[in-house]
Each structure stands twice: as C-alpha cells, then as structure tokens.
Amino acid sequence: MNPVNYLYLSALLFTIGATGVLIRRNAIVVFMCIELMLNACNLAFVTFSRMHGNLDGQVIAFFTMVVAAAEVVVGLAIIVSLFRSRHSASVDDASLMKL
Amino acid sequence: MSATAVHSLWTTAAGAADPIAKIPAPKIEYAQLSPTLIILGAALIGVLVEAFVPRKSRYYAQVFVSAVALCAAFAAVVALAADGYGTTKAHIAAMGAIAVDGPALFLQGVILLSGLVGLFTFAERRLDPEAHGNRVDSFAAQGASVPGSDSEKAAVKAGFTTTEVFPLLLFAVAGMLVFPSANDLLTLFVALEVFSLPLYLLCALARRKRLLSQEAAVKYFLLGAFASAFTLFGIALLYGYSGSMSYATIAQVVDGSITNINPALADTMGNDALLLIGGAMIVMGLLFKVGAVPFHMWTPDVYQGAPTPVTGFMAAATKVAAFGALLRLLYVVLPGLRWDWRPVMWGVAIITMLGGAIVAITQTDIKRLLAYSSIAHAGFILAGVIATTRDGVSSVLFYLGAYSFVTIGAFAVVTLVRDAGGEATHLSKWAGLGRRSPLVAAVFAVFLLSFAGIPLTAGFAGKFAVFKAAAAGGAAPLVVVGVLSSAIAAFFYIRVIVLMFFSEPRPDGPTVAVPSPLTMATIGVAVAATLVLGVAPQYFLDLANQAGVFVR
Amino acid sequence: MENLIALLVAAPLLGAVVLLCGGRRLDAVGHWIGTALSSASFVIGVVLFTDLLGKNAEHRTLMQHLWTWVPVEGFQADVTFRLDQLSMTFVLLITGVGSLIHLYSVGYMEHDERRRRFFGYLNLFLAAMLILVLADNYLLLYVGWEGVGLASYLLIGFWQHKPSAATAAKKAFLVNRVGDMGLSIAIMLMFTTFGTFAFGPVLSHVGDASEGKLTGIALMLLLAACGKSAQVPLQSWLGDAMEGPTPVSALIHAATMVTAGVYLIVRSGAIFNAAPDAQLVVTVVGAVTLLFGAIVGCAKDDIKKALAGSTMSQIGYMVLAAGLGPIGYVFAIMHLVTHGFFKAGLFLGAGSVMHGMNDEVDMRKYGGLRKYMPVTFITFGLGYLAIIGFPGLSGFFSKDKIIEAAFAKGGTEGWILGGAALLGAAITAFYMTRVMLMTFFGEKRWQPDENGHEPHPHESPRTMTIPMIVLAFGSVFAGGIFGIGDRFLHWLEPITGHEEGNSPVSALTVTLATMVVLVVGVGIAWAQYGRRPVPAVAPRGSLLTRAARRDLLQDDFNHVVLVRGGEHLTRSLVYVDHTLVDGVVNGTAASMGGLSGRLRKLQNGYARSYAVSMFGGAAILVAATLLMRAV
Amino acid sequence: MSFPLLTATAALPALGAVATAAVPAARRTAAKWLALFVSLATLALGIVVLVRFDPGGDRYQLTESHAWIADFGVRYELGVDGIAVALIALTALLIPFIILAGWHDADPLETGNKRWRPTQGFFALILAVEAMVIISFEATDVFLFYIFFEAMLIPMYFLIGGFGDSAHEHGDEAAATQRSYAAVKFLLYNLVGGLIMLAAVIGLYVVAGNFSLAEIAQARANGSLHMATNTERWLFLGFFFAFAVKAPLWPLHTWLPNAMGEATAPVAVLITAVVDKVGTFAMLRFCLQLFPEASKWATPVILVLALISIIYGALLAVGQRDIKRLVAYASISHFGFIVLGIFAMTSQGQSGATLYMVNHGISTAALMLVAGFLISRRGSRLIADYGGVQKVAPVLAGTFLIGSLATLSLPGLAPFVSEFLVLVGTFTRYPAIGIIATFGIVLAALYTLVLYQRTMTGPVKPEVAAMPDLRPRELLVVAPLIVLLIFLGVYPKPVTDIVNPAVKQTMSDVHKKDPKPSVEAAK
C-alpha cells in the first residue's frame, strides 16, 4: 500500500493532538495530547525514512521517544507540584498572571 | 510502486556484503567541541555533588564548579576563535552535527558570559533576610514541598536550599551552546529540548510567590512543549522533503544542486509544499523561543513568575541561542527560499516591534514591562535578520551581545528593590527611588536609556547597526516602523525614569537591599558593557564582522 | 568742523547715560547736568551754524562718517551724520527749544522725587531726535525715529503709577510702531530698488526707478510720518499723550518730535516729487488732519488736550505744505520752526497755569487768571496771537505762505486745499480765542477741591518764566526774521528746491481772506465765551461737539475694531493652540494608551488561549509562506 | 598634531560636570563655585577659539579628525565655520550667567537625606548640556552631531523635570506632575524628531556610505554622489523634521511653552537660548549643505510655516497670562524669524538669521532671567499677580524694560539689526512674505509693552510692596548682558565679519545669488 497514507495519518494525529491541547483543561490531558503530537511526528519520520530508504528517520524516532520521556519527567514534576499546591490540575485555574 | 520501493529497500540491505563495514566509527573533534563538553561534564559533576557532598557545603561546591566550568568553557571558546576556527578554519565537526564557525563561537562566547553573570545572580544570598540563621538565595527551599505547608516551613527551618539549580543552569547553557551551532535538524531539536527542560524547572523554583512561579513553569512547559512539537513536525517534513537531516544537504536540495531524485519518491522528494510547511513550522518553533508576536504570549507571564535571576538569564541567553539558530537556519538551510520567507518575516518583525512597544505602555509590573520590551527588541533584531546580508548577521550578533548584558543587568537591579513581600516589582512602588538611592536608580536609568536606544549607550549602537543593515538590505520601511516603535517604546522607559526621579517616594516604599559582591559584579559588568559598547563599539563590531560568516 | 557733529549727539547721550545709571547720588544735581549738556549741544549747534553761514550755499553740507554699522554681503549701513541747512535748522530748533524746556522743567518738576530720571529721559530724547535729523541714511534715521518713540514712551508714562499714563504711553508707542512698520517697509523697498538706503545715492537716482516703486516708497514714508506726526488715521495717540508732564508735551508733542514726519517728507522730497499720486495723498492727509485737529481743539475743555488738537491741526498745515512739493517744502519747514516757538510757548504757559492751579487742567475751572499770573498771561497771549496768524507775528508769515501755496497747487485741488486751509485758519482763531478767554478772562471759576483747600494761583518761579519769555520773543519775531526778504527760503532752497506756483489768486487776496476768517473766528469765540460767563460744567453740546470731545469717535472705533477684535482673536488662538495643535499630540499619546489597554486584554492568563494564538500564528505563517510561493 | 582646541572646549565642561556631580552633599556651595569656575574656563577657551578662527581662512578650521566607528563610517571629526564659532561663543558666554542666575534654584530644603544632592546634580547637568551643545556645534560628522543632538535631551530632561520653580516645595504634588508632564513632553517630542532623523541618517549612510559633512558636500558638488530627487527629499524631510521640532517651528512648538513655563528661569534660558539654537544651526549646516535641491524644493512651505510661527507665536504671546509662557511664545515668534532668514536664501537673510541666533540668545537671557528674579520674589508666574513693581524695585523694572525693548527689537539694541536683516533678506526675494512678517514688529511691541505695563506700572500691589530690588549677584548677571545688547546693537561688525564668509559658502552650496536691485545706485 502507499506509504503516503501514513503521512496523512500522522498529520491527522498531529492535528488531533494540537486540537486537544487547545480544548482540554486538565494539564495532564493537555500534556498527553502533546505526546500524541510527538508520536505523530515519529510516524511521519518512520514513514519518510521508509520512503527515502535511509535509516535516519527511524533513528530520529528513537531520539524523539527519549526526548518525550525526558519531557514527561520534567512535565509531570511541574504539573504534580502545581496540583499539590492548588488541588487542581486545570490549566485554566492557573491564570494569576494576566494582562 | 510501493512493492518495488520495498524491494529496493531490501536489496540495499541484502546487497551489503559486510553490514559492519557500512557503519564507520564516528570521528569526533573533541577539542573543537570542548566548550560544550566542559559544561556538560561540569553539569554531571554538579549532579554528583548533589549526591555526595554534605548539604552545608553543596552551595559552595556547586558555585565553584559552575564558575570554573563557565570560565574554562569561555577560555576554550576564545582559544578556538584565536585559533581561527571562527574564520579560516571554520568547518563542520562531529560528523556534520555541529558547525564550528564565527557565529557559533561568537554566540557561544556571549552565552557563556551571560551564563557566568547569570550564575552570579543565581548565587546571590544576601538579598533575602536570613531565615533561621541561614543565608538564603532566591530559590525555593524545597521545590517539592507545597507552598505554605508545614513541610516547606520545616525545609526552610532546616536551611535547605535548592542547589540543583546550578547543574540545571549548566545543562541549559550546554543546550544553548549547541543550539546555534547545530548543523543538522536532529541536533537542533535535541539541543532545543536540552536547554528548554532545565529552564522549565528553574522557573518553578522561586522562593517567594511560589504559586506564580509554578504557574509560570506550567505555562512555559506546556506552551514550550507545544511549540517543540511543531518544530519536530517541521523537521519531519523537511526530512521528508530532502531525505536528509543535515543542513548542507537540505540546502543543496533546496537550491536544486542535488537532483538525483528517485522517481519512486517524486511525490515527496523535492516537493515544495513539504519544504515550505516544514520550514515554516521550524521557524515558528524558533520564533516562539525568541518571543516574537504572535508566539510571544508566554513571555510576560513566565518572565513575571520565574525567579528574577532565572528571568534575567533566560531573557538574555535564550534569545541569543534562539536567534543564533534562526540565523543559521535561514542563512544556511533556506537561503534558496529567501523570497518566500522574507515577506513573512517582514510581517512578523513589524507586528513584533509595534505589538511589544504598544502593549508595554500600560504595564504596571516592572518584570512584565521588561518582558514586553524584550518582545519589541526581538522585533528589532528580526529586522536585522531579514537583511540577509553579511552585515545583517554581524549586526544581529552585535545586537545580541549588547542586549544580553543590558538585560541581565536590568533584572539584577530588579532583584535589589525589595519590600516585605520580596521583590517589589509593582511600578508604583518604584516611585521616588531616585531620591532614596540615586545610584541604583541612575544605574537602572542607564539600562532603560540603553533599551530606549539613546545615543552613547549599547542599545543605540546595536539599534543603529541593525537598522543600518536592514536599510542597506532594502528594508527601509522596516527601519521606519522600527524608528516609530522605538519612539513608542521610549515612552514607557521614560515613564519609569519619571517615576523613579520625579515622583514623591511612598512612605511604604521598598528598600534597596545591599547585595553581595556577586550581584554588584553582575551589575558593574552590565553597566560597563552598556557604556563601552555605546561609546567605543568599534572593537566588538569588528569581532562581530569577522564572525559574520556561516560555514556550509 | 564736521567732527563737531558727533558731539551734538554725544553731549545729551552722555547726559542720559550719566543720569540714568548715576543712581540717587546724582539726585541733587541731576537736573543741572541735564540742562548743561543740552545747552552744550545747543552751543555746538550755534558754532556749526555760524560755520555754515560762513560757507557759500553749495558747500553747506558737512558729512561725518563714524563707523560701519552693519556690513553684510550687499548690504551696507553706516553710522554717518549729515549736517546741511535742513538738519541744521532742526538742530537749532531742537537744542534751542530743548534747552529752554530743560530749564523750565527744573522748576516744574521741582517737587518730583524722580526728577533726575526725568532729565535723563529728556536728554535721551534730545540725542535720539538729533540722530533722527542728522542721519545720512534711512536706517540710521530709523534708529532716531524709534529712539524718540522710546523717549516719548518713557516720558508720557513718566508718572507710571497712574494707569492712565501707562496706558497712554503704551498706546503712543504702539501707534507709532504701526508707522515705523511703514518706514521699515519703505527702507526695504529702497533696498530692493536702489540696493542702498543712504540719502545721497537714493535721492540722486530717483529718476531711474519706476514710478510704481517710488509711489510705494512714498506712501510707506507717509504712513511713517502719519504715525510720528499724529496725522489721520494714526493721530489717536497724541491726545492721550498729554498724560505726560507738560514740559514733555511742549518739547516732544508740540515743538520737535511730532514734526519729524514733516522732516521725513521734506527730506525725501525727491521721491515724492517723482510720485505725484503719493503727493496728492499727502496733501489730502494734511488737509483732513488740519480740520480734524482744529475741530477736536474746539471741543476740549482740557487745556492741554485743546492745545494738542491745535498741534495736530498745525502739523496738518505743514504736511499739506510738504505734500505740495517744491512749492511748499520751505514753508512747511518754516511753519514748523515758528510753530515750534509759539506752540512750545503756549504749552509752557499752560504748564505754568497748571502749576499755579494744583495741576488742574479743566479750563472751565480757570477764569480771570490774567490778574494772578501776568507773565504767563502775556507770553501765552503773544503765543496766541502768533498761532492765529495775527499780522506781523510768526504765525502770520508761515501759515499765510502755506495757504497761498495750497491755492497755488492749481486746479480744483488747489481750490479745495486752499479752502480747507482757510477754514482751518478760521477754526484755529476760534478755538485759540476760546482757550484764551476761558483761561485768562472772565470770573474765577475754581472751587475748593473735595478735601477743602482751594487753589491760590500764583506766578511761576523764574526758571519757568524765563523760557516762556524767550519763546514769546521767538513767536513774535521769528516769522518776520524768516519771512521778510525770503531769508529762510534762500537758506533752505539748495536742499529742498523751490518753485513759485502759479496761484489763481494773488498773494494779497489770500492775506486779506486770511484776515477776514481770522476776525470771524475770533468774533464767534468772543460771542460765545467772552460776552456771557462760561459754565463751570460742560453743557451737553451739539452732536458734533460731543463727537469732537471724543476725538470724533476715532478711539471708539479703534477700541471696538482693533482692541476687542484683537482680544477675541488672541483668546480663540490660545484655545486653538491648546485644544487643536496640542490636542493632536496628546490625542495620539492617549490613543496609543487606549490601543495598548485593549491589546493587553488578549493576554488573559489562560495558557490555552496562548496556545490558540500560537496555533493560529503557525497556521498563518504556513499559509503565508505557501501564498508567497503561489503569487 | 596641534592642541585639540575644539575637543578641549567641549571636554572641559564635560569633565566639570563629572567633578561637580562628585562633590559631597555637604559641600554644595563648593559645587556651585566649581561649576561657575568651569563655565568661566570654558568661556575662556571659547574666546580662544574665537581668536584663533580666521574669517578669511578655510571654511572649516581648527579641524580634528580621528577614526571612531569605522564600521558605521563614523569619524570623530570636528571643525568650525564662522556660524559655529559665533554660536559656540554665545553658548560659552551664556552658561556662566545661567549658573550664576540659578545659584539658589537647586538648594534642597530637606538636607537630612545625605544621598539626595540636587544642587550638585543641577549644576553638573547644566555643564553636561553645555558640553553636548558645544560639540554638536563643532561636529562636522553627521553621525557625531546626531549622537549629541540626541544625547543632550537627557540632561535637559532632568533639568526640566527635576528643578521647577517649585523645586523647593517637595510637597507640591500638582506642580511636580505639571513639571514631569512638561519634561516628558519635551523629551518625547524631541525624541520622536530625533528618531525620524535617525532613519534619515541611516538612509544617508546607505546613499553616501559615510558621514563626513565635507566629503558628502564635496561629492554632491562635483556630482560624484548623485541622489535621486525623491531620496534627497525624504532625507531632507527626515533631518528637517528633527530640527523643526527643536527650533521649534509651528505646529511642532507646543512643547516649548510647557517646558519653559515649568522649568526654572535659568533652565528656560538654557532651552531657548542655547539648546534650541542647535536646531536652527543644523538647518543651516546640514539641511542646506547636504540637500541643497531638496531645501529649495521645500522652501515655500517652510517659509509659510515660519511666517505662521512669527504671527501665531506673537498673537499667543499677547494672550498669555503667565510671564514665562509669554516669553516662550515670543521665542517661537523669534525662531520663526530665524527660519525665515535661513530659507529666504539671501546673504542678508542668512547673516541676519545667524546674528539673530546670537542676539536672541542674549536678549531672551536678559528678559527671562530678570523675569526669573521677579518670579522668585513673588513666587507666582501669573502676570495678574504683579503691578507697580517699578515703584518698589526700579532697577529690576529698568532691566526688565530693557529686556523687553530688546525683545521688541528696538533700534540701538542688538536684535534690531538681525531682525531687520532677516526682513530685508526675505523682502528682496519674497516681498509679500517680508511685509507680512513686518507685522510681527507691531505685535512684539504689543505683548512686551502689555507685559511691562501690567507687571511694572500702575498702583503698587500689596503683595509686591515689600519686594527687594535686584541684589548684587542678580545685577552681576543682568548688567553684562545689557551692555552686550547695546554694544552689538551699535557695533555688530565683529560678529558679522565672522559670519559673512560662512554665509557666502552656504549660499554657494545652494547655488543661490542675491537678487539684484533694479537700479544700481550703491557706490
């Protein structure tokens, strides 16, 4: 089958992720949406690597996973500490600073 | 077609007589990468220090390690530059991953210096009143403890301090060092994350106003991750377009010097849509980091919430690194695309200059004010970026150098003005500061005037250089807009000066803390830089000029 | 010899500097210093005069170049003095009458603690006036011109604590400034026309210039003359100028400064000769003014204001004469000099009367003063006879000549002008007789003032009477000395030129006519003020009288049109400047603030909306990039 | 190389400023004396410049040239022509009087606060301004000029905002806000002007490649540097705008009344007599030399603006209730004359304009400083609060009168010569404009005499009854100015001799010849 379809899929996933970031309130969910976007990127990488017939893309996919993992570490730390001090993980509640 | 494609893939694999031979051992020029390596090493040492050195002496150990590392790295940069790596010997190192050339070295130098002075402000322990007989810096006693909880009180009582900030700083610096010198998209992305993640954490670690600090961290983190996702997707698309990660190759594909397009891949390879969208998305990620409108909205909140030393460091170094990367991307990867991205950048630059300046007028918090001013300055620098001439590069380099010092100095002054609730960042509290402590007010006025671009200050030299390049690069309208917006900007800088000198001091006004030599040094360096770069900028302009060429 | 000319000016100038900077320590002797220096100037004048008489007519012009004043590319103004018959005449008049009035003031200002300053101003005036008449180019003349204006400003407003005085002074200066504007424009025109404004080259090249330009210059000069010599329409200041001390009125506003206009016209004769239209305007102005002044003079009860009206009218005669061209120049100057004598005498007389009457100026509160102050009476009387042109006295010679010349202009113009002059003579006789009668004849009409002490008139001290006597001699004999055998004519002719007009009526007829109108005028006055007693309060009077009391409503006109209008204009402009010009600027600033206020609302603190803006931004970025490729 | 005289002339006050600022709080009198001494030394240097300058010599003399910012094509180039020399002398001359007049203007009431040293600041700032003004007169490098043209705003700004008439009453919030409004207005107005000029300066660099006045002017002259008509016009407008704000020309004038009204009299003099001159000077030196064609192109509009300034300024002066604002509007009118003279493009006009700059400096100084003394006695700027001063303080009134007479340019006083030259110079080329401008004379008489009458004459107001006459220090300030006014009034030759050659040069820059008289009567 035509690998280009995978690109469409990844684009779709990316958009879903982005939309999720825009519409969901819960910081954790928002963060998961971002992970989704990263995975969409991974899919694209793999697909392209498959199409170009070189391995770079697949290698990058691994890098991306590592980075994503690192982001999880940092992100969860921050979100959790926020949750503990506010008893809510809603991004909208965290809006003391504005204007 | 897919079948053939698959087959061809297998054949390439099968056709390999000896798979091992296909993987050459990477060749790493350690000497040329030494600055980065030094910092990373020091960061790791810092982690070990956290693990093994007793709490009482960690602070000193960390400060020592970081300071030594930064100095050493800077020395290394200077050595490399002196050795001609900035000009004649400039080339690509580490299997094409890292470029060692003028802009890279120049910006690395700037980043290291601002890292060093930033370190000083990090290490400042005299401003806050002693808690239970322990000197405290501006970072939370224990990041994990809930604000206002007993555990926090206990931590404070026990005299805990978050000495992890120093390794974090070093990691961030390391990432920033790589960022502008990254020569393939993967390195770019990794570097981006390497310096972003520590900053996210640092933002969350303020000692006072922790809620704000955490909020800032969350916003910065989520939006930053969001942006880097875009960047990553952009990278994917560029990869799809060119089938390679390395700047050089992509550039060649862009200007069509590589045309061996496998017909099987016609619909991806050399497909301009991919190129354009991908390029745009990467650029967007970088614009987010430099805080250009409309990707700027994190800036005020984060600048306000983060601990002021972090803000200062971030405001200075992040901009430098990000602009470095942007320059390299636009000048090395996408020069062939100039006619596509220039008009877009025009738009961005204009709204950034005007937006930043206009919104700043009505700000009431000094840190937010500086945040917006930094946005406006991003716009000015963009004007220089757009020039797409060697002059453009060197003017931007110079501007970044000048700007970073002024910024760190300004924020350092902000840390000094305190009242019961910690730093008194609300403007109304600054009224009459000039009468209370003329010296501090005068110093801050110097920084503001430099931001406003008054002659004989670094700001003016930088602005002139950038606008000159832009005008020469055929962007005269940009110059006019820039001039007008700096007129608007002048208004709010002046407002602060008026407040400090011509308003009556408030009885409940803040006091100016007497800092340790560290912060004094920071401010001193900043003032010196501001005036020297303003009055006799020639030497540094020459430096920036020699550094103005990218290696391909 | 010519080196003495500068001394003429230097002496009074020195006096002014010394007296004004000297400070209180000079209070005791200040007035004598002033008088001495002005007399010194007079003596020098006499010396120079005898020297001129010694030379033959064409060598009677002395020049003294002092220094180059304004040397600029193509623009040369020198400080050069020119002493010829014309200026010599003025020098003698100014310094002579001036010195007398200095002497008079010694007595008159005795009780004023600022007497030193007064003499300083007087000397300043002399210096300026001498610069005016000695200048060899129009720019230097302009210096004297405004200098006398300044001196007159200072002296009219000498009693500054009186608001009326201060106002009058300001008014005088402003009205004069309007005239000065004319003079400066005239000079500019000369510069563009001739490339210079020195008398010599300009007047000798008049022939080469277009008549249009010359007319322009002439009219501008006339405007200047009107301002300085209180001619219609710029006469309004002279009446108010009587706020100044009487010696000032005598010297500046009767004898010398106000006649500067006539000097200017006569000096620029060549230009006027070449611009007949301008000349016509000059004559008209003169005629109108001489009637205007005369009418005003009839209605005033304030003795000084009445005399001021008469001054206006007499200068009207001179201007009329000057407008007649070579026919009249000489007589204009001659009348100027004789008028200098008798009018100064009259004013000094009036001053002496006021001196005796506690500074009362209302003639209706005088009456029968001849018994109390005989010397004043006699001198004043002689002046009176002179001015109405009583046969044999000064006025008779000079004024008669002017009337003849007016007729001699010929044509209807001649008849009209001559008629006006005659009518003027009649009115002059009337109002002067009125003054005479109301002041010195009839019963005493003065009452005790509100705080009970009644004025007891007395003769003035010697310092005051001597000048009056001297001037009385002048007013009696000057005319004869000048007129008989045309001495004055021959003296001035080389400068002004002269030609006999062809008068439609013989000189004798004119003289007789003058006598007749004179008698009529005196008669009417006697009928009205001599036979029946003068009411102590002014009757309502006819419409004309009431108008005349208000200077024929000229001031009211000025007030309504210029003052009110000006106030409105400035007020509205202030408003415009504040709201419009400044408003635009402040408005821009304000709008920026507003915009900023609205924009910062976007920064609403919600991370998700930030994300939206980023997403939108990214979308736009992508779209724009694609678009760039598309187009 | 010879002794860098020009640098020294500018550097001396700069160093003096630093030294003065460094004087400890307790020794404020020492600071005053130091400042006065420095300003006098600068005056001495200025006189040396005046003497060393040879009117017959080259166009720019005493030149200095050093590399500075090669990257921007900027050199440190100094040199003076006659016009500059005259104005430098004027500046150096006025500053001592300004300092002397402001002797007590910055004495702080609360002496408790050891850190707060307004006195030192005040005099240091004045010297700083002097230094910057002088060097901007000397600069023959456009960039160098621009730098100081802009930089001098900062000390001026602090002088205006920091030391109003009510500098003493720290409590007076209303006055303080008024003041800072005036200061900010001053700064923003001039900053906007300056920034627009910056754009033009950059443009000039792009076109010409360097900033040396001499080189560019020469290149333009011999055609090696060609500017497209539109480019030249835009650049000209950029420059002129800045100078028109500084000058100030209608309708960009509204900052001046605020600034002069709120600042202390000496500072007001500093603004109008010294700093603003840089604007008109720059029109002569930069606009006409760099963009001759564009200057001629813009002349009609500029002349009309100048004319409006003359009449409008005078009329508003008549309408003022505040002594200092009145003088400010009078100055606007006078600046109108100066601009008129410059752009009439005739020798008389430009010599007159230059002379006017000098004379206006002196006459305004005389009038404004005396007004300041008056105000300091009564503590009010409103004309209505005075009356009959002449009776109680005759000397004050006398000097005030002379100042007024100079302002209405009475013949015999310096301003007359320059004003008449400007008028003649304008008239010869534009008769109509010349005639309208003459109305300014009458209006000038109106506002000055009204001012004098309302304040000095009439019955003595009780509030002024106890008013002391001029003190020796004050007399020492005023007397020399008056002497100078009279001297230059009767013998302006020393100045004109210096100025004329420079004017001739400028005329040749713009390729203009004086119109010839229709009849050649001059000897």
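Order of writing sets the labels: A, B, C and D. Residues in every chain begin at 1.
One rule holds for everything that comes next: a contact is a pair of C-beta atoms (placed from the backbone, for glycine too) under 8 Å apart; a residue touches a chain by one contact, two chains touch by 3 or more.
By chain, with names taken from UniProt: A = NADH-quinone oxidoreductase subunit K.
Because the structure is a prediction, the values reported are computed rather than measured.
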Pair joined by the larger number of C-beta contacts - A-B, B-C
A-B
What's the chain with its C-alpha centre farthest out from chain B?
C
I'd like the most central chain, judged by C-alpha centroids against the all-protein C-alpha centroid.
D
Between chain A and chain B, what is the gap in Å from one C-alpha centre to the other?
23
Suppose each chain is reduced to the average of its Cα coordinates; what separation in Å results between chain B and chain C?
81
Intercentroid distance (Cα basis), chain C paired with chain A, Å:
97
I'd like the Å distance between the centres of chain A and chain D, where a centre is the mean of that chain's Cα atoms.
65
Which residues does chain A have that touch at least 2 chains other than itself?
18, 21, 30, 91, 94-98
Provide the list of chain C residues touching at least two other chains, using ranges where the numbers run on.
589, 600, 603, 605, 607, 611
Give me the residue numbers in chain D that touch at least two other chains, ranges are fine.
188
Under the stated touch criterion, can you name all the chain pairs that qualify?
A-B, A-C, B-C, B-D, C-D
Residue numbers on chain A that touch chain C, as the complex places them:
18, 21-23, 25, 30, 91-92, 94-99
Within their complex, state which residues of chain C touch chain A.
600-601, 603-608, 611-612, 615
Chain C partner, complex, touching residues on chain D are 185, 188-189, 250-251, 253-254, 312, 315-316, 318-320, 347-348, 351-352, 388, 390-391, 398, 405, 410-412, 416-417, 420-421, 423-424, 427-428, 431, 434-435, 438-439, 441-442, 445-446, 449-450, 453, 456-460, 490-493, 496-497, 500, 503-504, 507, 514-523
Touching residues (chain side chain B, partner chain D) in the complex:
435-439, 449, 454-456, 460-461, 464-465, 467-468, 471-472, 476, 479-480, 483-484, 486-487, 490-491, 494-495, 498, 501-504, 536-538, 541-542, 545
Which positions of chain B touch chain C when the two form their complex?
218-219, 222-223, 226-227, 230, 272-273, 276-277, 279-281, 283-284, 287-288, 293-295, 297-298, 300-301, 339-341, 343-344, 347-348, 355, 358-363, 488, 491
